[in-house]
Structure formats: C-alpha cells, structure tokens
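Listed below are the structures to be examined.
There are two complexes below, and they share chain A, which is joined by chain B in the first and by chain C in the second.
So, the complex of A and B:
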C-alpha cells in the first residue's frame, strides 16, 4: 500500500467513532441510581407506574432487537408474556420461591419461543406476522381449555412473600422490575454490539449476502427469537409480581399490537427507543383513562388508548421516521483531519 | 506421506440442472485448479449464474457432482466462507443498515485486521464509518469486493463485478484480479476484462458448454463467435 494510503487508513482508524464497552455498564448504574431515587420521591401510584415501565422495558427491549435488528415481525409477544406470567403464578403457588420462579418463567417462555422461532425462521413478512398473530390468539385461550390448571377467565392469584419492612410494596415492585429491566438492557446492549449483533443486522438487510458471508440465517433468526422470548417471559413474570394475579384478560391481542407500536414510535432497533416505548405504554393508557373519566364514558376509555397510539404513531412517523430515539438536538460536528 | 490432494482445487463433473421444463445446465464439467483465473461467459440466460449457484449450494443439480481437492463437495451457502470460498453478487448485495467497516467485518468474521486490510486493498478504508448507501455505485462494488476478500478466500467467485463500472474502475478491477493470490471464478460480460485476466474460459450457451480454452482459443472459436462474441470480437 502507498504511503498516502497508510496515512489515510491510520487516520480513519483513529477517527473511528469508537463505542466504549464500558458505556452500557455506566448507563445501567446511572439508571439504577435514578430508579432508586425516584422510588423514594414519587408517590405510591407513580412508583407503581414506574415498576410497570420497568416490566414493559424488558419486553420492548427484546422485541426491538428481534424486529428492529433482525427484521422479524412478531405479533405474539403478548402471548409470550402470558406464558411467563402463568409459569410464575403456578410456581409461586406451589413453591413460593421468587427468584427461581422468575428463572423458571424465563426458561419455559424461552422453550416456547424456540418452538415458535423454529417455525418463524422458515417464514417471511406477512406469513411470519400471521403465525405470531395465531400464537397471540391461541395462548390466552388455552387457559379456558385447561381451566382446572389455569382457572379459566378468573385466572390465578400469585402468592408472594411481603416485602422487607424498610420499603413499601410499590418500592419493592419497582426495584424488582427495574432490576430485571436493567439486567435485560445490559445483556442486550452487550449482545447487539458484538458479532451476533452484526449477524442479526446482516440477516435483516440481505439474507443471501449474509449466507455467503458465512452466517447461518436460520440459526441467527431462531436465536434472536429465543432471546426476545426470554425477555418477554421475564416481563410476564414481572407483571405477575406487580398485579399479584394473572388472567387471560391481561394479555389480549391488543397488548401485542401495543408493544409493536411502542417500539416503532420509540425507535425501532434502539434500546433507548424501547425505553421510550415502555414509557408510552404506561403513559398513554393513563392519559386515555383520564380523558375517558372526564368525558364520562367508560366505553370510550377502552378504545381510546389504541386510538392514541395510532395517532402518535402517525405523527411520530411523519416528524421522525426513525422514532423518538432518533431525534437529536442540532449540534456542530467536529471534523477529524488525517495527520500531515 | 504427502498431504497434497491428487486433484487440487474445485471441479464440477457433468452438472445438469433443470427448472421445470427448462434445461438450465446441461452436462457441464469444469476444473478450476488453484491459482488460476477461470472465466465463464455466454449470452444472458446461458446458465452462468446458475453454475455459480450450484457451486454455492443455492441450487442442487439433478445430476452430476462437485469435488473440492478431490473429495466430494456438497456446498451449503453459509458454510462456503468457512471452506475458503467467497462470492460477490450481481449488483451490490450489501447491508445498508451497517457501516462499510461492519459490512466487511461480517465477511472477515473474527478477524478485524483482515477487514481493515481488505478495505485498504480495495481503497475504501477512508469510507469505513459511512453507510454503503452514501457512496457512489463503484465504491459500493468495492465494498462488496472487500467483504469477499476479507475472508481471505482460496476461491473468489465474482459475479459480473464490472457491471456499471467505468473504464478506470475496470482497469483497477483487472489489476486486483491479477494480483490476488486466490483462485478466481469470473462471470462477466465485459470481454476486454475477461480476455485480459483469465487463464481459461468456459463458454455456455443455453446451458450447454460450447467451448473451453485460453482467451486466444476462445477468441478464434467460430462457435463462440456465432453464439456470443459476434464476428467483430
């Protein structure tokens, strides 16, 4: 190579926008400090909402990796959450050991996700959406079919030990949910930055070129689905902890649609977008509730949240096609010149 | 004991491919010894890309066999790179959601230094942190070539690499093919490039091999002139 070529290459490597491996750890530590501070300053209901955002973040983070980075469209993550929630409920009611219960819920949902993922890896576009849609419809109805185990539409209550005396129930729920959420975000951030992240994006962009570059497309897609399912299982288990009960009504088809809209509005393929989507999932139904109450119509309230999401989706896509996370304050870019 | 194979390189033996009633490849045989540049030419629809797809495992032949270093070879696309075979696609098969560097790192697998070396060799290192979509077409072709080279292939398959390139770019490409240590399989319509870089050329017409020889032999072959090159070749 020429001397000039050497210089350009060296300068280019130097100028590379290197992303530190430490930064996700720092983000998670800062996030944990903020959450702990909020749990001591917010009123109980807001702390409960904060816990709910944490639980949602687990599933939106997994879903945005699956859909945004790997290009697989899932309409069935609400059902995967139901799997995690029911597994935890059944475990707790038998053994009442929370941490192993959460792990079992993740494992069972991961196994279900692997089965769906194997089928999903053979399907594309609307066919994949159709399969996952069927899962979203079928899984909650299983609870009615096996009502001796799942107690039909009434669902199951979840036995939980009381929180430590030093904190309220809401504080404890927020700590548990955000503990799970921050671990999830950290794991996904590290995973998507490395080789597997590149493989997922390569498969999303061009499957043929990815195969020729040595990537097993099917294995990558199944792995992405399994990881995403594990996140959904954790989210389901956390929801069971927050609500202290599980029922099929908590995991309707609209939940899966909400999840998908939330990650698109937040910014597809970005963990920051998943966080913004999780906040919207809690905030928009709350706003819809307020408006429904103000309008004096309980019927309106049920559909208003979906309408809100639709309107926000349209507005955000027009204003910021990359989602809320893609919005940046205008800054001056620093030029990096090659050394003389 | 010698570890060298009695039949080194890639060989295709009596390959036949049908797509329904269409005979895409009809009893095609070809030996690609190490270090050689072998061209595959022919009119559109002659079966050139189908032959590449057979070697890559995208198409399974109805009859015939492939051998690599004298051993039976059943290619699977995602395992090719690991066997030392890489391929570029017609047009540009790129990962537009990734930077140029990441595109090439995908090809290099675990070796980042190989990715940088390939970028530098293809003279696109200065664009490493841009998206391929931001680059002119010729640069994007170079990025794809860099991805194929980053795996340090023993066999490099180039599917119409000169398509859409200007004279200077084609000259650069010819130099790269001549300088590479890899065996090269080249499907190309640009006859000046093919004739200048190939050691041997296979000519296909309607899936059938009609000639195999050096560039000089192919140029003077009446059947090839009639089917493809024309009398002015």
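So, the complex of A and C:
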C-alpha cells in the first residue's frame, strides 16, 4: 500500500501547478513584432532563412511536447512533414486556395498521425523507435509506387499566387511561416499548461501511477501524438510553400534524425528549446555550406552538417548523466507546498 | 508456376541475408538490451572499406575478408568508445545514441566517397541455373546460403559448445554473479558487439550486389526488413530471427514479383505494424511476462 501511496503522491506532485511564467500571449506578440522588424531589416537571403526557422519551429515545438512532456520518441516526423507538404502541393495544383490548403494539409497529416499514434501508444522503447523509423524510411518511397499522383523522385511543383505588391517573396514567406509558428507555439503553450499538460507529464513519469490517478494512458499518448503530427503537417505545408516544390528527396530519414537532434539539444520539454533547435537546424547547415564552398569541395557541404549533427547528438547524450531524462526541465524536482 | 518457384528461391536467398542481419540485431539485444539502430550504417561503412580494398588489389576475396575484420573492429570500437557510456535507465538513450552514430557514419562516408551509387560487384554469376526449363538458383544464391549457413552453425557452436560462449551468455544473463566468478563482463560485451557487427558486415557484403550498389543509405530498407524479421522471430530468439528473416524474404520476393518492386517497402511496414500490434513478442515466443 505504501508503494502505491508513494507513487500516487509522486504523480500528484507531478500534477502540481508550475510556477507561472511569462504569459504566452505576450511572448507571441513580442515574437511577432521582432519577426516583422527583422523582415524589413534583413537582406533577402537572411529573410528566407528566417522563414525556414519558422517552419522548423512548428515541427520541433510539436516534437518537444511529444518527446519531452509525454516521453514518446518519434522518428517518423520527417515522413509526417512529407505528408503535409504533398497534401498542400496536390491541393494547390487543383484549387490554388492557400489558407484552406494549409488547413487540409494539417487535417490529412493529423489523420495519418492518428493511425501511427494508435499503434505507437501500445509500443515502448525500441519497438516504438523501430516502427517510426520504418515509417520515415518507407513513406518517401510511396511517391514511386503511385508515381502518377506523386511524380516519383522528381516530385511536384507548387502553384502559388504572387505575394501582395507591397512585399517581397521572402518577406511574405517569413510572415506566413512565422504566423504558423507563433500560432503553433501559442496553442502548445496553452495546452501544456492546462490539465492535458499535467496528464502528459504524469504518463511520462509513471504510467501506473497515472492510471491510478484516473488518467487514460493510451488516450493521452494518442492525443499527444496527434497534436505533434498536426504540427508536423503544418511544418510540411510551410516547407512546400518556401521551396515551391515537393520531392521525396527533401524528406529523407536524416530529416527525422535532424529533428530529433534539434529537440535533444534544445533541452527536452521546453518550447524555447524548440526555438533553439530550429535555429540550429538552419544555422549549422549554412555554416557547413560555407566551409564546403571555402574548401571547394561539394562532397563536404551536406555531409559535414550530417557528421556534425551526429557528433553533437552522441556527445550530448553521453555528457548528460541521466541521458534524455536529465535534459528535461526539472519541474518535478521542485518542492511543492503541501496543501493545508 | 515457374515464376512462383523462381520467386521462392529468390525469396529464400534474400531471406538468408535478412536472417543474418536480424541475427546480428538479436546478438546485441541479448548481450546489451540495445537494438542497434546503427547496424545498417555500420555494415555499409565496412562494405565501403571492403570494396575499396577489392578495387585496389583486384581481389574480391581479400576485400571480403577485410570487410568482415573491419566489422569486428568497428563493433568493438563502437562498444568501447560510445555504447559503454550510455545511461541505461531508459531504453531510448541507447536508441538516440545509435541514431547519432548513423548520422556520423553516413556523413563521413558521404565526405569520403560521395553521395552517388557505386557499383558493388558480385563474386559469382547471378544468372540462375535452369533445371528442366525452370530458372531456380544462381551460383550467387548458393554462395549466400553457404555463407549464412556457416555463420549460423559457427555461432551456435560458439554459444553452446565453447567456454567463451558460456561466459558470454552468463555475462548477459547474470552480470554480477559472472563478475564474482571471474568473467570479464565488459570484455564479453565488447566481444558480443564485435561478433554482431561482423555478422552485419557479412550480411551487407551479401546484400549490396543484389541491390543498387554502394551508397551511404543503401542499408536503410534492409535494416527495416531485418528489424521486422527480428521482431517477427522475437528479439530474444536467434532461431526465431533466422526463421523470421526467411519469412520476410519470401514475402518480399512474392510481393515484388507479383505486385512490383516499389510496393515491397510498404509491405515491410505493414508487416511490422501487424506483428507489433498482434504478437509484439514474436511468433515464436513461448510465454509472456506482464510488464505493467
């Protein structure tokens, strides 16, 4: 009985309210102001990179919630991004209505994510990793199977209306991407603060205790997966808009591994960490590209970034004494005043 | 019917390779409770080394031996330098580190050899013999069966008949007691990784000539197939992994033959989902311990 009592006590402590911090609304408004200011001061290429950071932020934020707060690892988010991107491309080439198209991309990816999430909720550890890895490897190959729809390795171009006259293409891309990113971050911040955030952390820390406290473990896990899939779908749609094309080569297995690295480095479970990860995902390949150009070697360019990401991932995991768990925000370590 | 017979033998040949690769996964899982997600990348790396030696010296067999030895060294190195220091409180830690190794290996291979497919020559003809007008097996298929069969027999003998095999099993199942009895548990772990990586290298050398050739990501789909085979047989069972490999090979051969080669990866994913959801402990698991 004491064991169970202890576990429930621990779960209750987990469920205790977190210290209130900055209101997410204020953070998002400030973020929007900064982004708008940057789009008017940065040169076009930097603005384009800024847009890419915004698109990455959507998926890293969702993945941070899934892995950091709910404890599920997914290597399939690159494939989910591909789902969103291809959905948007097919929609645009038929209807050319951008906003509904983004919503449809999110919906379709959410549905795919629900299927994977239903399977994932029953799996643990290496089995879950293996399944999502298989998704990441196999899904891009579907474009070859149904090549009449997806045009195989060449991919599809995305029809887009030209941006309003008052702004450049890069500015418009940055606004669209950061609009999506800030809405995502706001939604996730509100969601994880509430009851659902508590449920997710409780499930992550001790499934048995969470179940004793009346939380449906499977439902919480599936919901977390679906939410992060929706974020990945949005990110995929935004990537399709930035690149104005989609192809399976843009969503390789390494993309999923990059996303994993981004959230591990960013510190699992923090939305600010997701931002740091998104910035690194754009900055490191850019640095590697410049080193490659300086060395005059094409082979170096992409592969240097790959190697560097791998080394960072391994070193961070070995240096953190408890592995993944120690990288989390230590919410549960904080002493909470016992109720009177 | 002719086609069915041909696809059956082709599937068994493919399945033998998946069996060897799955066996390598099972070896590490039994020794260290880690699914080595870097196995595919490690096998490709050693195959690059092997084919470089083969190109430089003109001798395929020298390259073949070098690839296997490189596998032994790489496996031991990965265990001693990286995996030994992974925190084992959560199984995800080992997975994430292995995936980091995948990035490193693929990046280094891309830098050294470039990201285009390079031809991987087969040591024997891949033209099938015909018996009574029916195409059955090629010399290369026979070589694959012989190589994988030899590995299975040698590993069985090692684990059941030799003192080293006994020490390795003891170190895996009761590390503390083994240490008390004077077994070098760390050394056995290194040996397990080295053996598994060498078996993986062998599987890589066998499968690459039948695919598009050498590429840093050439083993990704093979890894998924072998993982499916290992799960199908139960991650803990070496015999199960061999049977699982043959089953997966047959299934993929029929599906590629009758529905088209591009459907095969999806079939692997479907099979993996079905197995994980219905029999997560494998088809051949005897009893299941409750975990929650």
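A few points about this structure:
Here is the rule we use: the second predicted complex is superposed on the first by the 288 of 340 C-alpha atoms of A that agree within 3 Å, B and C clash if a C-alpha of one lies under 4 Å from a C-alpha of the other, contacts with A are read in each partner's own complex, and residues count from 1 in each chain.
Methods note: contacts are C-beta pairs under 8 Å (C-beta built on N, C-alpha and C of every residue); 3 or more make two chains touch, one makes a residue touch a chain.
Worth saying up front: this structure is predicted, and the values here are computed from it rather than measured.
In the superposition on chain A, contact of A:318 is made with chain C only, not with chain B. Of the two partners chain B and chain C, more chain A residues are in touch with C.
In the superposed model, A:127 lies in contact with chain C only, and not with chain B. In the superposition on chain A, A:191 contacts neither chain B nor chain C. In the superposed pair of complexes, A:253 makes contact with chain C only, with no contact to chain B. Residue contacts after overlaying the shared chain place A:202 against chain B, while chain C stays out of touching range. Once the two complexes are overlaid on the shared chain, A:216 sits against chain B while remaining clear of chain C.
By the document's definition of touching, neither partner reaches A:27: not chain B, not chain C. Of the two partner chains placed by the overlay, only chain C lies in contact with A:145; chain B stays clear of it. Of the residues of chain A, those at positions 208 touch chain B in one of the two structures and chain C in the other. Listed in rising order, the residues of chain B touching chain A in the complex are 56, 58, 77-82, 86-87, 89, 93-98, 101-102, 105-107, 109-110, 116, 119-121, 123, 125-126, 128-129, 144, 147, 151. Against chain B, in their complex, chain A makes its touches with residues 1, 5, 8-9, 12-13, 15-17, 195, 198-199, 201-202, 204-206, 208-217.
Taken in their complex, chain A has these residues touching chain C: 73, 75, 119, 122-127, 129-131, 133-135, 137-138, 141-142, 144-145, 207-208, 252-254, 257, 260-261, 264, 299-300, 302-314, 317-318, 320-325.
Of all residues in chain C, those touching chain A in their complex are 34-35, 37, 82, 85-87, 89-93, 95-97, 99-112, 114-115, 217, 220-221, 223-224, 227-228, 231, 235, 260, 262-263, 265-266, 268-269, 272-273, 276-277, 280, 292.
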